[in-house]
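So, here's a batch of structures to check.
Note that chain A is present in both complexes that follow, paired respectively with chain B and with chain C.
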Partner chain A sequence: MEIVKDQYVVKYDSENSTVVCSGSFRLTGPEYTDVAEILNAAADAKPEVLNLDLTGLEFLNSSGINTLSKFVIRLRKHKATQVNVKGNSEFAWQKKSLANFQKLLPGLVLEFD
Partner chain B sequence: MTEIYGNYVERTYTSDASANSEFLVMNFSPTSIPLQHRWRNNGLSADFLADYLSTFFPGEDDESLNLRSEIKGGVSYIANELLENAMKFNYAPAKHSVSIGMELKEDMVVFYVSNSIDPVVIKPFQDLIQRMLTEDPNELYVEKLMENEDDEESSASGLGYLTMMNDWNAILAWKFEDLEEHSDAQKVTVMVQYSFS
Partner chain C sequence: MPQPALEAEVSPEKLQAELAALRQQVEDLEQDKIDLETLLEMTTEHSDTVEEELHGKAEEAVRESERRLRLIVEATPVSIVISRRVDGIIVYANAMAGPLVGLTTEELVGRKATDFFHDPTQMQQLLAMIKDQGKVDHFEAQLKVSTGDLIWGDCSLRTLDFNDEPSLLGAWHNITHLKQMNAAASRFVPNEYLGFLKKQSIVDIDLGDHIIGDMTIMFSDIRSFTTVSENMSAKENFEFVNKYLGWVSPVIRNHRGFVVKYLGDGIHAIFPESADDALRSCIEQLRSLNDYNAKSEQLGLPPIKLGIGLNTGRIMVGMVGESSRLQGDAFSDHVNLTARLEGLTKYYSVSLIISVATKERLEDLSKYHIRFLDKVQVKGKTKALDLYEVYDADPDHFLALKKATQQEYEEAMNCYYARDFTEAQTKLFRVLQANPKDKVAWRHLMTATECIENGVPEGWTGVTVMTKK
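Moving on, here comes the complex of A and B:
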């Protein structure tokens, strides 16, 4: 499953349970519905290990934070065994905001490039 | 009537632009183009403000590069959130413009963003502001996320402000005042102080 737009890309590779988000997530609230659909599919597959690669996600707005947070909460509800989030320390927002995901899912592993 | 929430400091750059003051103001007149079609403008304006400001922080050593990257990221995030909010809540019948002003001080950037506001949303907005100013923003942030999780249609009210407070250590204050040209609506200005070290 994937969405490829000028501003952003979301890809879910079910074989290695990896979700990649890149580009700029500055959509209006309702526009995130399609993104959430892919994220929900990834969470609902209930893989043992789920990887979320954000190393190419340069910008996002608070509606984007909301969308990604809902994904993390859904993973917690599914009692996901291992969730690895890969960030990029070159993007200042990631250093500031990604740690919040660990508040929503305490076992979540956060690594920066 | 004017109402203040938080430690609102009046902007100085409009009436008395002293020689050592650096500021930039952008004004967006009301338009009939749907918000959806000009949404991208918010990000472009925010990135412009961030790029513009980053030139005031030269230097190629690691410390300078880190500071520049931090300021650029902070200004870009905060300005985009403020513009998205202002555009979303601007009350079209009042025919009032949206403006964003950014002033560079010694160790902080101060934003002032104004828009008109629909009379029916003033009270719930002021209640939310009161909570943001008196409660732990971290706890409120998680509470809002959980609320939004139960409500698929929710527009995540307050999350933008709470991320500015939690993640960027920004200090926020608001001023509500009457609009001369439209007696029902009010104008709201949010002041955001973003300090960097």
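Moving on, here comes the complex of A and C:
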């Protein structure tokens, strides 16, 4: 499953249980429905390990962080899944905002390039 | 109501289970509440982070664009000055601006822009243009520099707010050298020539540029120059010719004429507008020569005599030569003929000869003193031409005598062409009795006498045929 737009890309690779979000997300709340659909599908597959690759995520607006946070909550509710998030320290905001995912899911592993 | 009975039926196990379910629900709700709070916190924090980051980036972008703009303004070879509109005080000047007026940039800032205008009305003109059009493009203004010298600047103005104050941005370019070059060039190709060829600048002049039209042509020459110059050194000769040309050229210009070329001590000029311009100019040249000669006489110097020929006709004026060496010139048979007329002044001992073509184009003949001169076939021509003498610039007593005898003289010429040579002779005698120095009358008298003594050949028309130039 994937969404490929000029500004951003969301890809879910079910074989490797990897979700990639890259580019610049400047969508409004309702526009995130399609993105959330892919994320939900990834979470609901309940893999043992799920990788969230955000190394190419340049920009994310508030509705975007909200969508990703809900995805993390959904994964927490499934309990069984180990979540690994990969960030990119070049994008300064990621350091602060991605760390907050651990408040929602203390077992989440966060790594920066 | 069966309520008590039902309550009684609920088993402790079921109650336990319900309690557990309720506890779980409360726990879930609490978790949801925590999640929501966390979400809110996260989102807000994220917003702040991103906002801060964007703001920083925007500020950096502004700083970068300002830095870039300043770099451009400082590196540009144009002088840029910003002055406040309220008082004209210069609040910014780039590195080129100070040197334009012989100051450092630091010295320039704080001065009044108006202080640098040589002509204060030019500043007012600029402000009026700003008021009307909101901008000024390529205005040529004269500026006073710190040394007191004057320079020419090409100036463009725009309005802008600088440090929140309504200001004027001026871009100045020093065009003094260009002006000087133009002035120097105009000494070789006069501005009248440019206008005549419908060209803006000497840069636009090309080989072969020309204009064709009906114009009056003038050739003039100092009659006695060889005699005068014999006793002068080369340097004195140069000075004499330049003095003479410098004095006579404005008399041509002032009558809407321009010099096509200088021919040693001679001048070839053109009057594109009217034959009257040409004639008035020639009379003025001759009259002022009389004044010059009066002064020379007092100094014991020989007088200068001028011979001028005027003719009108269709000619072509333009640029000849080769692409790297141009010269203005005029062509046509009329030009050659005019040069011949100038030559004939010596033959007839008159100062100004005009062709019939010029005479016919004069607006009011009564304004001048014009007398028939001769029917002439000049060298190289097959057709005869009526020529006239203009004696307006003759000394007063001579002019009066010519005027008094003009009727008799012209009657004599009519008799002559009617082959009544005896009557012509009688009348010319009378003219010469009154004015013995009338050399033209003498010449005709001699011709008439010859016709009486030797008779005339068949086909005689009375035309004087010139076999020499």
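Heads up, the rule we're going with is that the second predicted complex is superposed on the first by the 111 of 113 C-alpha atoms of A that agree within 3 Å, B and C clash if a C-alpha of one lies under 4 Å from a C-alpha of the other, contacts with A are read in each partner's own complex, and residues count from 1 in each chain.
Just so we're on the same page, contacts are C-beta pairs under 8 Å (C-beta built on N, C-alpha and C of every residue); 3 or more make two chains touch, one makes a residue touch a chain.
Please read all numbers here as calculations on a predicted model, not as lab measurements.
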Q: Record, for the superposition on chain A, whether partners chain B and chain C clash or fit.
A: clash
(Q) Quick check for you: in the superposed arrangement, does A:His78 touch first (chain B), second (chain C), both or neither? (A) neither
Q. With the two structures laid over each other on chain A, which partner does A:Thr28 touch: chain B (first), chain C (second), both, or neither?
A. first
Q) Touching A:Trp93 in the superposition: chain B (first), chain C (second), both, neither? A) both
Q: Have a look at where A:Ile65 lands relative to chain B and chain C in the superposition and call it first, second, both or neither.
A: both
Q. Can A:Lys11 be said to touch chain B (first), chain C (second), both, or neither?
A. neither
Q) Given the superposition on chain A, which partner contacts more residues in chain A: chain B or chain C? A) B
Q. So which chain C segment collides with chain B once the two are superposed: 57-65, 309-317 or 435-443?
A. 57-65
Q | Touching both chain C and chain B, counted on chain A across the two superposed complexes | A | 59, 61-62, 65-66, 69-70, 73, 92-93, 96-97, 100, 103-104
Q: Under the touch definition given earlier, write down the residues of chain A that touch chain C in their complex.
A: 59-62, 65-66, 69-70, 73, 92-93, 96-97, 100, 103-104
Q.
If we count contacts the way the header does, which residues on chain C are in touch with chain A in the complex?
A. 35, 38-39, 41-43, 45-47, 49-50, 53
Q. Residues of chain B touching chain A in their complex?
A. 35-36, 39-40, 42-43, 69-70, 72-74, 76-77, 80-81, 84, 138, 141-142, 145-146, 148-149, 154-156, 159-160, 163, 166-168
Q. Mind pulling up the chain A residues that touch chain B in the complex?
A. 7, 24, 26-29, 59, 61-63, 65-66, 69-70, 73, 90-93, 96-97, 100, 103-104
